[in-house]
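Two complexes follow with subunit A in common, the first pairing it with subunit B and the second with subunit C.
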Partner chain A sequence: MKKILGIFALLVAVCVVTVLFSDRFLTAYNLENVIRRTALFGIISIGVAFVIITGGIDLSIGSLICLVGCGLPWLLSVKGLPLPVALAAVLGASLLIGLAHGLLITKLRLQPFVVTLCGLLLYRGLARGLTGDQTQGFGAAHDGLRWLATGKLAVPGLGGFGVPMPCVILLFVAIAAAVFLNHTIYGRYLLALGRNEQAARYSGIDTSHMILLAYVICSGLAGLGGTLFVLDVNSAQPVDFGNFYELYAVAAAVLGGCSLRGGEGAILGVVIGAALMQVLRNMITLTGLPTHIEFAVIGAVILVGVSADEVVKRLAAKRRAAREAVVG
Partner chain B sequence: MTAPATPLLEVRRVTKQFPGVRALRSVNLSLGRGEVLAVIGENGAGKSTLMKILAGVQHPDSGEVRLDGAVIELRDVQAAQRHGIALIHQELNLAGNLDIGANIFLGREPARFGFVDRATIRSESAKFLAPLGLDLDPDTRVDDLPIGLQQLIEIAKALASRARVLIMDEPTSSLTQHESARLFQVIKDLRTQGVSVVYISHRLGEVKELADRVTVLRDGENAGELSRDAISHDAMVRLMVGRDVSQFYERKSHAPGEMMFEARAVRTPAHPRHEINFTLRAGEIVGLAGLVGAGRTELLQTLFGVAPAVGGELRVRGETVALRSPIDAIRSGIALVPEDRKQQGLVIEMAVSENLSLASLRRDQRGGFLNRPAEQAICDEMIPKLSIKTPSPAQPAQFLSGGNQQKVVLGKWLALAPRVLLLDEPTRGIDIGAKREIYALMDRLAAEGVAVLFVSSEMEEILGMADRVLVMHEGRLTGELSRAELGEEAVMQLATGGKKPARE
Partner chain C sequence: MNRSLARIPALLLVLLFAFVGCKKSDSGAGATPAAKKPRIAYVCNGVADFWSIAKVGAEKAGSDLSANVSVHMPTEGISDQKRIVEDLITRGVDGIAISPIDPVNQTDLLNKVAKQTKLITHDSDAPASDRLLYIGVDNYAAGRLCGALVKEALPNGGSIMIFIGRLEQDNAKRRRQGVIDEVLGRPHNPTNYDVPGTVLKNDKYTILGTLTDQFDRVAGKAHVEDTLSKHPDIGCMVGLFGYNPPLILEALKQAGKLGKVQVVAFDEDAATLQSIKDGNVHGTVVQNPYMYGYKSVELLLALQKGDKTVIPASKFIDIPARQIRKDNVEAFWSDLKIKLGKRD
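So, the complex of A and B:
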């Protein structure tokens, strides 16, 4: 909880700075946009958080988003498949990819970094190959489905501001994920095995199945994210759609309190981490900083964030010990 | 030997506070040149904390440490090493992925033209391994060694640092009697060379044999001191516990009940050539004796499904069971308290409560959801029952003293109410009061009809607790001794591959 407070403070600070430097931040249009992007990235970040909690990593998310994002319109427009079939195909493929990652990692005992790095190369190449490297989109079709990503639920009395649909989806995903992680035995199993897989196995936990599950969740949410991303922008270029998204997702998870050593993580923190990154991007656009330094700014802020977090933690521990020394 | 006027090392009024726990309160300690000082005390008394302060691992809140009369600053481990203080940690601290030689010289690698001089490491390593009776290739990876040998490597590493003050925190907890005896010889040799040794152990027999003087800690404070001729078992216990502890082994004889567990021609992956046969009845406590490396741990791991059998048949209550994973074993009512609590027993960063309930989550679940009241109930039962010393159930297990961690592991398995309880060195690192509680607990479980099989390298424990003893030697079950046949000699005979002495 303390960890989340720190990152939340950082988010508020960045928001305040942006408001001070730009009067466009607090417009309904801009806020909706930031929230929509936050929600989309939040969904994929929650997925990778599960993998990070097991002590693993998933670098293939961005490419999987590309595969799904290009694959869906390609199946619909080029291959002419009916919508339910195409949707089932891309989401099913995502889950299968997660299953494959999990099997390679638990059965063949390959390292997650290696497996998903290969995935990163493989799925983008696959997407480019399938589509002949041509930009894919829905054109004017499938507006009903696109509403899931572009639509909003009007909030009366807020002057045209509406809650973007992805945010509603994120809410469902986040609540389900938080309940799963904190209130089911399987969540506890994931946290335990992330810390010490051997002790977890000795306690009668089927660690292989749990790790498998984490990778399936991760790829599944990446598939859902990829679908929503392409529905949102209506155009996906195989060569760079979803580029670097895995890094945004990992960064959000780490900012939100996941330890890359495993066994630690909170869903709310991950969502705030995703929000922080989107607000940063927004700040760069609004304040007129050159957008090509975006990565540098984000990198610097993450570094400051995690360092400050560590410093605060140590100070707090010291103060607590000192206080108790006086009391005790 | 009495300490000379200025002791070599002196600790004055050292205090150390951890969140929620005052580990040391104005503790004093002095150590003479060439003196062997034993520091004893119950689990959580603060022994390891005091030693970590001397080794620069932890820092006191107040108080000072003097060496040769001058105050020294022990900022980090390197500083302590420069002052000639070396600590052999209670918990193993080796780089498992490196070989023996690399570990012994870790941080002090002999170099030649800037490259690590492997030839020197090889030849020098042998010098420190030999006195411990180790004839090992310095190129062996440490991970591939059994835990007892790893402990000896740790000791060799400390010897190689050529310290003036050598601190050993429960060095014999995973050694056999034979290996311990060698270590004692090494310590006595060091003493004659003028090296001072601080020796921590829960085994009072060892303390009596080795120590020139004993310092006792209780609840983070000095509880007293015993000079050489005042050292006796009872005096030490009285100072540690604050009262007399009588009747150590509590063993009521129970009529063995129904057949609980049978191993028929079972072959373990570690020693697939040997077939193992034995039975356990309800209410029986059976000891499993043998030297380190005899295959006792491997046998328990097979019985618990960690290393599934490669042949033979296992039966629980007359029914054949396939134990392919701990899940299968738990389902059949089998529990294992493993040997290595840090690696296998605990998720060390998790709370005491989460560790206690970990194995029971599945049983207590409510359709996949955590059952918090049940979790709470386990804590409420186990923490007092095992007298686990922790500021709260939410305390991460890593901050408990070694002995209390072991009790958490025990509690985790008792919460499952197993029918067959396998214990691998259950009292390792546990203080005398807690030991007695654990023995009483084993006895009570047996009375309730649990079949108990325990591995122990402590002869006293085997003789005191077992109704029957199985002895292993190099992966083979060399014999079985009934209560009437039981004796130190008979066990050692079988443990070294000999025959059961004829009794006619």
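So, the complex of A and C:
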């Protein structure tokens, strides 16, 4: 809990600064937008958090989002498959891809970096090949399905504010993930094997199966994310859809308290990490900063924030140590 | 672990040989007649539907004039384009038409290519290089046409936001500048440049800014949404790269503001054309990518045969842009569909 306090404080600080510079930040419309984007990125970030907790990494998320994001409208609009079949196909493919990653990593003992880097190249290439590099979209069709990404649940008494559907989905995913990680034996296994896989194996944990599960969860959520992304935007170009999103996901997970060395992570922190990045991007447009320095601003704010968090933590630790020395 | 890793390169090598082998035997079957045809390469600046239309034009010219035309769309920006051009030179082609991504800094590369083969530019020019000629639209003039549409859409004035993929390209800069100069009623001067991020206004119109998304569509749509948050009373949104107007429409639809905010577009995305029909987009300015492709191949073939009379004194062959509004969208769209074959 302490770990996510810093990132939460940074999120609040960025929100306060944005409110000070723009009276539009707190409008219902803007908050809905920011929440929807946070939810979309939050879902893929929770997925990669599971892999990072095991000490692994998944670089293929952006390409998998591309494969699913282009694949779903392609199957529906070009191939004319019925909706349930197309949905089952893309989500099933995501899970199978996760399974393949897991098997290559646990059985063939390939490095996660290598496996998922090849995935990064492979899935985007596959998406481009299947679609002939053509932009994919739903046109005016499938508004019912698109409601999952674009719709909102009205909250009475809040001046037209509604909770965006992706946020509802994120809520389910996050609660399930948090319960799994913190309140089931399997979650504890994951954290344990992330700290020290050998020790975990010697104490009787089937580490291979747990790692396999982490990759399946990661790719499954990336597939869900990709579906929601394309439902929201209604246009996916195979060559750049989801480009670099794995880095957004990994960044959100690490900002939220996951250690790249494995064994640590909190779902709430990951969601806050995802929110931080989306609020920063929103702030840049709302305050009228030029968009071409967007990434510079995001990078600088996060770096300063994380450094400040670390300094504060160290000072606190020093003070505690000093106090204990006096007491002792 | 080491052993299994070591097997991967070997496996890849086998696959590669198999793949190349297949390719060879493919082209081997038709090689005899094809070998005599001149080889023309048409290099684009990225992957887009716009280039798919140009590809159809280039290939049509290839079959009309019996040339081997290859179309290349770089996927990873400027370094990828350089690699493609270098490989084409290595392979040996009789002419290259290229849309340079960064004309100023690619001059060296272009000059090297010009020494080896016939080189022309299309879509975006590199005036400082040794290219023989440039085929394309005058993007500044096209921008002004787009600006005129904005004024039609907002006859009583109002605020305007411009959305574009990136501003590094010469054509993007000029297109945007044309819109700004026309809306603000400035005299014709293609060398103007207003820094993005400054608010520009005259007594009637306010141009709030220019937002670039670097081709990330999720970010492009987010920019539209954020603009609606910041300027709920905005009068008109202008999308200057082909994919921008559909993103604007998507965001307006979700905000329930379709038809309430004017939209002016560029290029001929299906969603844009449909929305012109439906009355949600005032109009669009279209280039003629089909003719870029066709003319590029035609002129390179003439040049390859030694005919230098095709080069005009200005070294610029204008394929003018056109305004599409509700009254001519139907005719334009059906013609486009015919050119693209059955594709909708």
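The definition used in the following text is that the second predicted complex is superposed on the first by the 328 of 328 C-alpha atoms of A that agree within 3 Å, B and C clash if a C-alpha of one lies under 4 Å from a C-alpha of the other, contacts with A are read in each partner's own complex, and residues count from 1 in each chain.
The rule we apply is simple: a contact is a pair of C-beta atoms (placed from the backbone, for glycine too) under 8 Å apart; a residue touches a chain by one contact, two chains touch by 3 or more.
Quick caveat: nothing in here was measured; it's all calculated off a predicted structure.
Undergrad: Now for A:T184: first (subunit B), second (subunit C), both, or neither, which partner does it touch?
TA: A:T184 sits against subunit B, while subunit C stays out of touch.
Undergrad: One more residue to check, A:R281. First (subunit B), second (subunit C), both or neither?
TA: A:R281 sits against subunit C, while subunit B stays out of touch.
Undergrad: Please work out whether A:G263 is in contact with subunit B alone, subunit C alone, both, or neither, and reply first, second, both or neither.
TA: After superposing on A, A:G263 lies in contact with subunit B but is clear of subunit C.
Undergrad: After lining up the shared chain so the two structures overlap, which partner does A:G204 touch, if you call subunit B first and subunit C second: first, second, both or neither?
TA: Once the two structures are laid over each other on A, A:G204 reaches subunit B alone.
Undergrad: Should A:R195 be classified as contacting the first partner (subunit B), the second (subunit C), both, or neither?
TA: Only subunit B is touched by A:R195; subunit C is not.
Undergrad: Of the partners subunit B and subunit C, which touch A:T106 in the superposed model: first, second, both, neither?
TA: neither
Undergrad: Which partner, once the models are overlaid, touches more of subunit A's residues, subunit C or subunit B?
TA: C
Undergrad: Looking at the complex, which residues from subunit A come into contact with subunit B?
TA: 183-189, 191-192, 195-196, 198-206, 263, 317, 320-321, 324-325, 328
Undergrad: For subunit A, which residues count as touching subunit C in their complex?
TA: Residue positions touching the partner: 22, 24-25, 27, 29-30, 33, 37, 40, 108-110, 128, 133-135, 137, 139-140, 150, 229, 232-241, 243, 281-282, 285-286, 288-292.
Undergrad: Which stretch or stretches of subunit B touch subunit A in the complex?
TA: Of all residues in subunit B, those touching subunit A are 15, 17-20, 22, 61, 304, 306, 325-327, 329-330, 336, 338, 343-350, 354, 358-359, 361-362, 365, 368-370, 412.
Undergrad: Taking the complex as given, what residues does subunit C use to touch subunit A?
TA: Where subunit C meets subunit A, its residues are 1, 4-5, 46-49, 52, 73, 75, 167, 196-197, 209, 211-213, 215-219, 221-223, 225-230, 232, 243, 246-247, 250, 254-255, 270-271, 274.
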